[in-house]
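Reading through the structure tokens given below for one structure.
Chain naming follows the written order as A, B, C and D, and within any one chain the residues start at number 1.
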Amino acid sequence: MKDEDDLDELIEMQGRMCIALDLLESCKPFASMIPEVRTNLVYAKESARGPHDVLAIDGRITVVNGMPHAAGNPKFGASSHMARLLLELRKRDPSIRAGINFANTPSLVVWMNDYCRTRGWIFSVIDRGGEPEEIKDAEGASIPWKAGEAIRAAGDRVPNLFYETGAVGKEPVTVLVSRDPISVVREMIALTLAYQKKQT
Amino acid sequence: MKDEDDLDELIEMQGRMCIALDLLESCKPFASMIPEVRTNLVYAKESARGPHDVLAIDGRITVVNGMPHAAGNPKFGASSHMARLLLELRKRDPSIRAGINFANTPSLVVWMNDYCRTRGWIFSVIDRGGEPEEIKDAEGASIPWKAGEAIRAAGDRVPNLFYETGAVGKEPVTVLVSRDPISVVREMIALTLAYQKKQT
Amino acid sequence: MKDEDDLDELIEMQGRMCIALDLLESCKPFASMIPEVRTNLVYAKESARGPHDVLAIDGRITVVNGMPHAAGNPKFGASSHMARLLLELRKRDPSIRAGINFANTPSLVVWMNDYCRTRGWIFSVIDRGGEPEEIKDAEGASIPWKAGEAIRAAGDRVPNLFYETGAVGKEPVTVLVSRDPISVVREMIALTLAYQKKQT
Amino acid sequence: MKDEDDLDELIEMQGRMCIALDLLESCKPFASMIPEVRTNLVYAKESARGPHDVLAIDGRITVVNGMPHAAGNPKFGASSHMARLLLELRKRDPSIRAGINFANTPSLVVWMNDYCRTRGWIFSVIDRGGEPEEIKDAEGASIPWKAGEAIRAAGDRVPNLFYETGAVGKEPVTVLVSRDPISVVREMIALTLAYQKKQT
């Protein structure tokens, strides 16, 4: 049985994830932002060391009946890639505890550049053209390099929002990070609505 | 948008419900305690006035693949009967904020009597034979009477555990209440395991 | 591995259940016809002998987000009570292969009486006041008696629609039977819409 | 309302999809074959002209609790990419009515080459290095080209199994096609078990 301090942290984490997920699942416009690899929403414990300390959506968030839909429940260890990316970013800024990934297109990138400027957000890019050859093929080896690039290109800071340029065999995605999943989802929804308004 | 005090209470409530539900859905033996009307798990806000202030499982908890399974997510207003019963009990003891219902059989009643004595729990009964005629037929009117009976028969205290004798057209159920859904589910699982051990 | 004749029957049965369930889950008004014990939809193999030969909804059909919602998938053996009731009725008329149960109220009974007359349907009642004492307490023993009563009261025929009067501890329900689940659900939806139209 | 011929085809299609999906969801080893973009299982009507005539899994098949798990129900129009790829292949061989996509790795490709030879299957490859520039950027334009390549490289026949070499921003996947989803899933499971046996 967990001791009571741990339990308090778990209660707060599960509570914030549930509320964030409810908000996201109710936002129909977000369905069109979900990438082919599907979205995950991740949330690290204060003292997280590995993906098993990161709460994530089991089965990811997909689209059912035209709405964003979590395939399973929030579960520790349910994300590998997004969880490890978050853990790497936290080495630079531990106040960042949550993140989400979403689709990337050239026109979205142009628009996000402006959006970030207006809001005073830091926007960054991971140029996978610069990825060392020995990293590309090793499973998982690219994650520390990617986090490092996003931080370096932002001027040694963890950016609010960053994207990758495409690599062979890899769908490029955008990532938004913040202090907890409710903030992440509120910001994600605001961005989605602003982008779709501009589209019409 | 909720103000931040409200949000803190919602986070804690959703967090406790998620953790409680995970525990319950992992307890296969509980499947055999689910009544025909299905189980609900309810959790009232500190200041709850009506069922819309009570978090409950949308669609109730049923049995899928032999395991307890929440049909939908926790949602305010998702229970009527169990929510109103809890609200009535809280008029006598507001520290009671959560409850669960489960199946009732004559042999379980006998066993629970002993179980409660061993644990120092208060056990009570609602004898529906004493229910006034004018209440039986009015939708919902029997709930204050039932809560009153459970309290009265326990010596003017809210019991930990109580059951009803059957009425025409109504499946009798047992109800366990406690301060929050994690306590309720821990106690429910302990009771289930103790009862099933005795059965074999 | 099943032989191919069996496979053909399974394909047809699963196909008819899926289509029937889609229709039912899309019918919001049916949510208010779901009884406390929840609805099941059952479909017997041509040669069914026991509940394991009857396809039914695992976890039953409940209400989530205000809509009828199957808690699990169709599965052989997922119903006990409704499956055995159907099997008993089939001893008198094997062309009946599917059934559904739904809520019962005094005003619905009066209305169904007229509805059946208009449509040339056979309507019947199981008067549980006449149930022998030795049957009431034996788990499952009441099912052959109930089927027999529904048939007897309909003039030695399997009725299209029948209901029970309440017994102590048992919620009274109504049952509609037909040749397959698509017919059952089409008739169930037509009845629901006609009844709710009359209500307003 | 559909006429009865249509209904018969729908019943058979839904029935075959349900049975195929049950088999796939029960095959834990398949979880490791699900690509980042998730798996879809598609099934075209005899007379299919567009994706709305193709039954597919709404929300795709993901991994929940370590098992393959359909996020939503089978639904016409629920797939775009896989549905259109199947429709293109059917122009050459209309007996092919179903398909599935799964993960691709260099070692799997080598192994599948042998596996196909042993079984007398036709194996093919889409070399995206040869994809015309004007096609790469136009949304959806690459699908007829891809189907054409898979057929051409197989000697003007629809192959049983084919894969793509990676393109920038695109995860390479393998595709298995057959006459209906039960065949597809039986062959998919046999391939999965054979490959995993060889791995150990």
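Quick notes
Following the convention adopted for this analysis, a residue touches a chain if its C-beta (ideal position, glycine included) is under 8 Å from a C-beta of that chain, and two chains touch if they have at least 3 such contacts.
In this text, all values refer to a predicted model and were calculated from it rather than measured experimentally.
Common neighbours of chain C and chain D: there are none. Look at the CA centroids: the one farthest from the centroid of chain B belongs to D.
For the pair chain A and chain D, the distance between C-alpha centroids works out to 29 Å.
Centre to centre, using the average C-alpha position, chain B and chain D are separated by 48 Å. Mean C-alpha position of chain A lies 38 Å from that of chain B. Contacts with at least two other chains are made by no residue of chain A. Taken together, the touching pairs link the chains into one ring where each has two partners.
By the touch criterion stated above, chain B contacts chain C in their complex at residues 36-38, 58-60, 62-65, 69, 71-72, 166-172. Those residues of chain B that touch chain A in the complex are listed here as 7, 10-19, 22, 73-74, 182.
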